[in-house]
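Sending over a structure as structure tokens; questions will come in a sec.
Letters are used for the chains, namely A, B, C and D, taken in the order the chains are written, and counting of residues starts over at 1 for each.
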Amino acid sequence: MIPRYTRPEMASIWEPQTRFKIWFEIEAHAADALAELGTIPKQAAKTVWEKAKNATFDVARIDEIERETKHDVIAFLTHLAEIVGPDARFVHQGMTSSDVLDTCLNVQLTRAADLLLADLDKVLAALKKRAFEHKMTPTIGRSHGIHAEPVTFGLKLAYAYAEFSRAKERLIAARKEVATCAISGAVGTFAQIDPRVEAHVAKAMGLVPEPISTQVIPRDRHAMYFSTLGVIASSVERLAVEIRHMQRTEVLEAEEFFSEGQKGSSAMPHKRNPVLSENLTGLSRMVRAYVTPALENVVLWHERDISHSSAERMMAPDATVTLDFALVRLAGLIDKLLVYPANMQKNLDRLGGLVHSQRVLLALTQKGASREDAYKLVQRNAMPVWRGEGDFLQLLKKDAEVKKHLSDAEIEEQFDLGYHLKHVDTIFKRVFGES
Amino acid sequence: MIPRYTRPEMASIWEPQTRFKIWFEIEAHAADALAELGTIPKQAAKTVWEKAKNATFDVARIDEIERETKHDVIAFLTHLAEIVGPDARFVHQGMTSSDVLDTCLNVQLTRAADLLLADLDKVLAALKKRAFEHKMTPTIGRSHGIHAEPVTFGLKLAYAYAEFSRAKERLIAARKEVATCAISGAVGTFAQIDPRVEAHVAKAMGLVPEPISTQVIPRDRHAMYFSTLGVIASSVERLAVEIRHMQRTEVLEAEEFFSEGQKGSSAMPHKRNPVLSENLTGLSRMVRAYVTPALENVVLWHERDISHSSAERMMAPDATVTLDFALVRLAGLIDKLLVYPANMQKNLDRLGGLVHSQRVLLALTQKGASREDAYKLVQRNAMPVWRGEGDFLQLLKKDAEVKKHLSDAEIEEQFDLGYHLKHVDTIFKRVFGES
Amino acid sequence: MIPRYTRPEMASIWEPQTRFKIWFEIEAHAADALAELGTIPKQAAKTVWEKAKNATFDVARIDEIERETKHDVIAFLTHLAEIVGPDARFVHQGMTSSDVLDTCLNVQLTRAADLLLADLDKVLAALKKRAFEHKMTPTIGRSHGIHAEPVTFGLKLAYAYAEFSRAKERLIAARKEVATCAISGAVGTFAQIDPRVEAHVAKAMGLVPEPISTQVIPRDRHAMYFSTLGVIASSVERLAVEIRHMQRTEVLEAEEFFSEGQKGSSAMPHKRNPVLSENLTGLSRMVRAYVTPALENVVLWHERDISHSSAERMMAPDATVTLDFALVRLAGLIDKLLVYPANMQKNLDRLGGLVHSQRVLLALTQKGASREDAYKLVQRNAMPVWRGEGDFLQLLKKDAEVKKHLSDAEIEEQFDLGYHLKHVDTIFKRVFGES
Amino acid sequence: MIPRYTRPEMASIWEPQTRFKIWFEIEAHAADALAELGTIPKQAAKTVWEKAKNATFDVARIDEIERETKHDVIAFLTHLAEIVGPDARFVHQGMTSSDVLDTCLNVQLTRAADLLLADLDKVLAALKKRAFEHKMTPTIGRSHGIHAEPVTFGLKLAYAYAEFSRAKERLIAARKEVATCAISGAVGTFAQIDPRVEAHVAKAMGLVPEPISTQVIPRDRHAMYFSTLGVIASSVERLAVEIRHMQRTEVLEAEEFFSEGQKGSSAMPHKRNPVLSENLTGLSRMVRAYVTPALENVVLWHERDISHSSAERMMAPDATVTLDFALVRLAGLIDKLLVYPANMQKNLDRLGGLVHSQRVLLALTQKGASREDAYKLVQRNAMPVWRGEGDFLQLLKKDAEVKKHLSDAEIEEQFDLGYHLKHVDTIFKRVFGES
């Protein structure tokens, strides 16, 4: 998490002020419930809200107290007492620090998920818009980096749309994983606090009670959350790499938008580099990097150890801020992507008709050639074309053995581009629900 | 995947014979659909089933053909033609190798998931049985490895039960992620094959059609699958580490079952080591290790490259076989775990009553002490006990300032073990739906 | 990298001002060499130094220019021209941005390595001091968490000393890996710049010339660097986990220093938690997390792509700052560690003599028992002791079959603690070069 | 580790028979030393060698014993006793299983390293041969996938040569890391065995004594070893990706050798896919995957736990076998790579002279234009060429402002290809020590 790759909306979730605000809300809601149960005076709970609801917490002061006590929640509570006065002693009754810390972390992670979901919607909207724009723009499909058969540029974006739709479903599930609250005391037994307090706080904070906690909310939930971010980052990288490929000098089927004043290279003024998608590639690596510590964090000792804490203080902001930045960058990149249909057509024509080889193969077998023979016939005519020696259509027409099975007209029929695109509508309907 | 950590049920999913059998089924079901559509003769489809349905494929022969053609699916089809005869030329019409390979992989992964789900049920059953058995067996709860407050051994197992219940839900979702089928041709356009063939094969193989494929089924699905296995492995490790801790010489609250004839150490005959749970720790590391390559595999070039293939050939068996072995081992370990309630009680008593310190703290604040003062009062009486110099209850009774707030009877009241266990039923109901 | 886990010395290496200072030095040294070669006027090179040597670069201004040009080095050069005046046009002649960026990164990484080496020296010094202090303090050695045979606490620290000595050697090698400089132009051919410029800058910056670069310095060097940090972090975690184990309530052989005013738990005032070593465990996970993106960064396209850049902007500071903080924390922790020899002795005595079982086994075989028989004899006397039913020495003396081989005196001889410690001096000499 | 990606030389290192052979040698050498020290009869040591030196160990029998004893070394020793007879009781005196297991693992890892070093020599030889063959074959250098300036194909291979030379140095260091032997007993104190036994066995097995062991040889050594393999794998991937890029249809500057009979695609007979380099990409991911568990394995509890063991049983063979296979495949791939200089020239010419833009920029500044102005002049002439609208040389000659600084002859001078290649010899000398 560095300013360069940070959006303020996401960063603010992780700021100390936000954290203290959430801590306060958890404590104050808990006080309400405790008052309702008669454990503490109702007036005390009311005072807490009144005195601190609109307070700005003094982060420097809290840090100062923490330096002495070496305990963050106690430092906060001490500062809260400075704001609230004597009634502050009724706050945090029967609770343990982790009740506050873990519930707060989950509030932050669900808010982060909400932002990321909005980001995904931006990516999806951009992909959909451009996909329909280029629904029937022919381009070559490639496997192994080698020309295969025609697709459309719209289909390429539809692939990505389907992938990011899955990303969204996964993120909704991941959000649900961490949308839990625990106010269960030092070892999760509710010994000192009634489970109804937890129920009240959970509801007030938009969470559900953790069925069983052990001072901490179990970290398999967070592991699932960060793993999901890692999978989404990989999808970001996939699309970024697609764009980098399309922008290669020899391919040049699309380009990142290049603003006035932008300089591609300090040394080579002509260069227009896919720097945004390369950047997304690197950012994806970072988001993925946090998956492993998140998995390692699951293995806490007994009812809890605090080894997860330092890792989470770094990776929770880092992973969410970085993915947020990446998704928004990706949405803009797709939205403004320069697309070059003429170059796509040029590339499509490059292989002298070889992209139709499979159709010829199929036609031969349908006319009675064995699959093995058909393969050999096609391959012996394809190889010279591949070496730049001749045109596939002409060579086939001159091959006597091919002619035993197919007439000239029948051969030509296999070279129809439209043939490849006849199911684009079907596919669009499957992906977008419309075509 | 080594024999030592392999169960035959899971291994058989990944054997060549199984793979060829699935390939055959995909091809034969596709032939049925093609015949139904009139693309190939109905008799041909029938012959394919008749001749090969009960065939044992000659793995050595297929390998031999592959060595020449350097292409596995062509090698298989060539061998299939040897079994089926001339009608074999109607097989694989309009299909591409990946239609077979990817659909097969997903069949294997869903079958693997089914076995893993059954394994999880075994783990859950063992945990539930032992949890209810020890529902009210008191034991010390620990945070940071330090005694905190009492819990029950049943609660410890209930934590794990809740965690593995989540594991099950996640695995069901992961299974769904990969339960897709693609028969969409060389670049996913259905140019050479009707989408209805895909629909037919999908249904016949227990899958759903992949909405949009690109020769391959997109690898974000598999990334999610293997990430989920990684999260589950971390939960295995967490429970394994709990057991290792409990079996430590100084703790000895539980032990792995130790069979007659077993030798703990070649040098030290008295040793009874938690080797199964240590072993599970290592196996979990391996299952987690496959998450990263699965994430990297997502980023294929254009409509596909084959970089994922070699990685998957290794990690798909390795991850599923290893996790399967680990889960079954874990279920047995829990089922037969030797539990020592007397030792638990001994450990519980070790701290001279310090585990009740929070209750005393709370009682003090309820009687009007400020939180800060109460904390100091408790801490100054706790510290000597911690150093082994005195009993907490007696010290408190002798502390004049404590006595300002609490009578002897009131102090004693805070030392009641039952107080900590009063919500165990509630928690069990939340976890198991019953108590 | 968050303030909480950051030391200013390391952080300052990664500050913009430091980076710009290094950029300037690279450019100015290059100008010297270019002037020496007659490519640019000598006066120009001199002016550059004079005008900018003591300049504080205006980070905000450079950021502003970069927002327009979207290119960081051009932004810097533009700002430099504002400081230097017209002679600035001779700066960066024939160079490419990466010449500056990559050489700068390597300067930063070598400086970071120097700090980390100093940190390791602190860790080693603390370990050595405490190891000699407790060279002959007996404590139980444990395998599988189970009591094995006696060692000394000094030996435990000597293990760690040897491990961190290896860490130091590895870090020296890793530093050497990245101590290279490239001033080789847009694709590394020196087309526009004489290799002697590189030689001059390398020497001036304390680096050696990269034998062959491709616009960028190859990232396998950095992968090795960050992998080495990951290995060192794992050693940090190992020692941290040892301390966490020793501080467990049931073990309590050592404790982290607990300052006045520190609060262990907001709820449980008696608790003294090993929070520093738990913290180190988490920090280690983070340092390790950066290994994977560093490995992925190696795979750049052709002569370079910029995917590594965003990842490195995050991980280079994050990994070095976090490891620096962890090592210094570890050194302090060891230096001030509270060691409890009495508790060590208590634990040593706990197993009723079972720790001597191997000696008895050996004595039996030396007296003619087969290994198999000896093992059985020892095990049948060990098992009751293990269950708390009897004393090992007494049981052996009562076992008629044992007595066939060993007299009472011979049995007693096997229970001598000194026997186990006779080679401590030898080992210390091997580890420390002295004993 | 699957047969498909396994070479027998490496696989044999990890076979049970090899392992038992090494165990035997360790035990027998230890017996020699024990006999020399007078601990056991000299005749016994002699008998051990005589009876078992040429024995083939019965793996099934050992497995059978292990199923009962659940201890692999005891099972082996029991079987050894069956071969050696009564004198077998003098074997393993004072040793612990790990003395045998860890020393054996390190023997295996050093042997694996020796094979990998030989593989690297093959890769280096192939790279050198082809590098010199194409030392002066011009080809376009690319940054960001975009044409930059000319390099030679020989330089591309020289980059790789330099990288794999570093790989070799690193592997030599990694081999040294694990070339240690420990015969130090149950907790590493040499309580039951004289350190001279260790010295003797170490020397006999080609290792050095581990300065301090703790029943086990410390796992930071192995972490460094596997991390090094991970870095090497990344270098393999980098070169593989370079080849995949060059074989792309639009680039086609090189191709993997395509044997007679090979089939590129079951559906598209014309295709020649870079399947070997794609395969290497995937294999590299797997070798990298083992880095993380190797790092996690460092953190053993106290004097040892056995969590590393299961992970190592899988990853040690998997990582070494896979990297061995990958390196040999890579060497063959480079050796037989089809190189197309004519296509390289065609690509070089594609950008209408834009690759010379930096030279023009430099010439302009040398003639007095400010860097800013020169940049603008070059960019405004480059952009139309980039869009396919005109030739860079002609446009520059027509630009009046350019002409203010440069004559036609001076402009033409900047378009000389030789200019870019003048330092190729220098670079070759730096990389290969000759040119």
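Quick notes
The rule we apply is simple: contacts are C-beta pairs under 8 Å (C-beta built on N, C-alpha and C of every residue); 3 or more make two chains touch, one makes a residue touch a chain.
Please read these numbers as outputs of a predicted model, since none were measured by experiment.
Under the contact definition, chain B and chain C share the contacting chains A, D. Two copies of one chain, chain C and chain D, touch each other, and the residues they use overlap strongly: the shared fraction of interface numbers exceeds half. Relative orientation of chain A and chain B, expressed as the C-alpha superposition rotation angle, is 180° to the nearest 5. Among the pairs A-D and B-D, the greater number of C-beta contacts is found at B-D.
Averaged C-alpha coordinates put the centre of chain C at 24 Å from the centre of chain D. Between the CA-based centres of chain B and chain D the separation comes to 32 Å, rounded to the whole angstrom. Residues of chain A in contact with two or more other chains: 77, 92, 142-145, 148-149, 185-186, 192, 244-245, 263-265, 267-268, 273, 275, 278, 288, 292, 296, 301, 305-306, 358.
Of all the residues in chain D, the ones that touch chain B in their complex are 1-2, 4-5, 68-71, 73-74, 77, 92, 95-97, 185-186, 192, 244, 259, 261-268, 273, 275, 278-279, 281-283, 285-286, 288-290, 292-293, 296-297, 301, 305-315, 317-318, 322. Listing the residues of chain C that touch chain D in their complex gives 77-78, 81, 86, 88-89, 92-94, 141-145, 148-151, 155, 158-159, 162-163, 166-167, 170, 173, 177, 185-192, 195, 209, 211-212, 214-215, 218, 220-221, 223-224, 227-228, 230-231, 233-235, 237-238, 241-242, 245, 288, 291-292, 295-296, 298-306, 358-359, 362, 365-366, 369-372, 419-424, 426-427, 430-431.
Interface of chain A with chain D (complex): residues 140, 142-149, 244-245, 247-251, 263-265, 267-275, 278, 292, 296, 347, 350-351, 354-355, 357-358, 361, 375, 378-379, 382-383, 385-386, 392.
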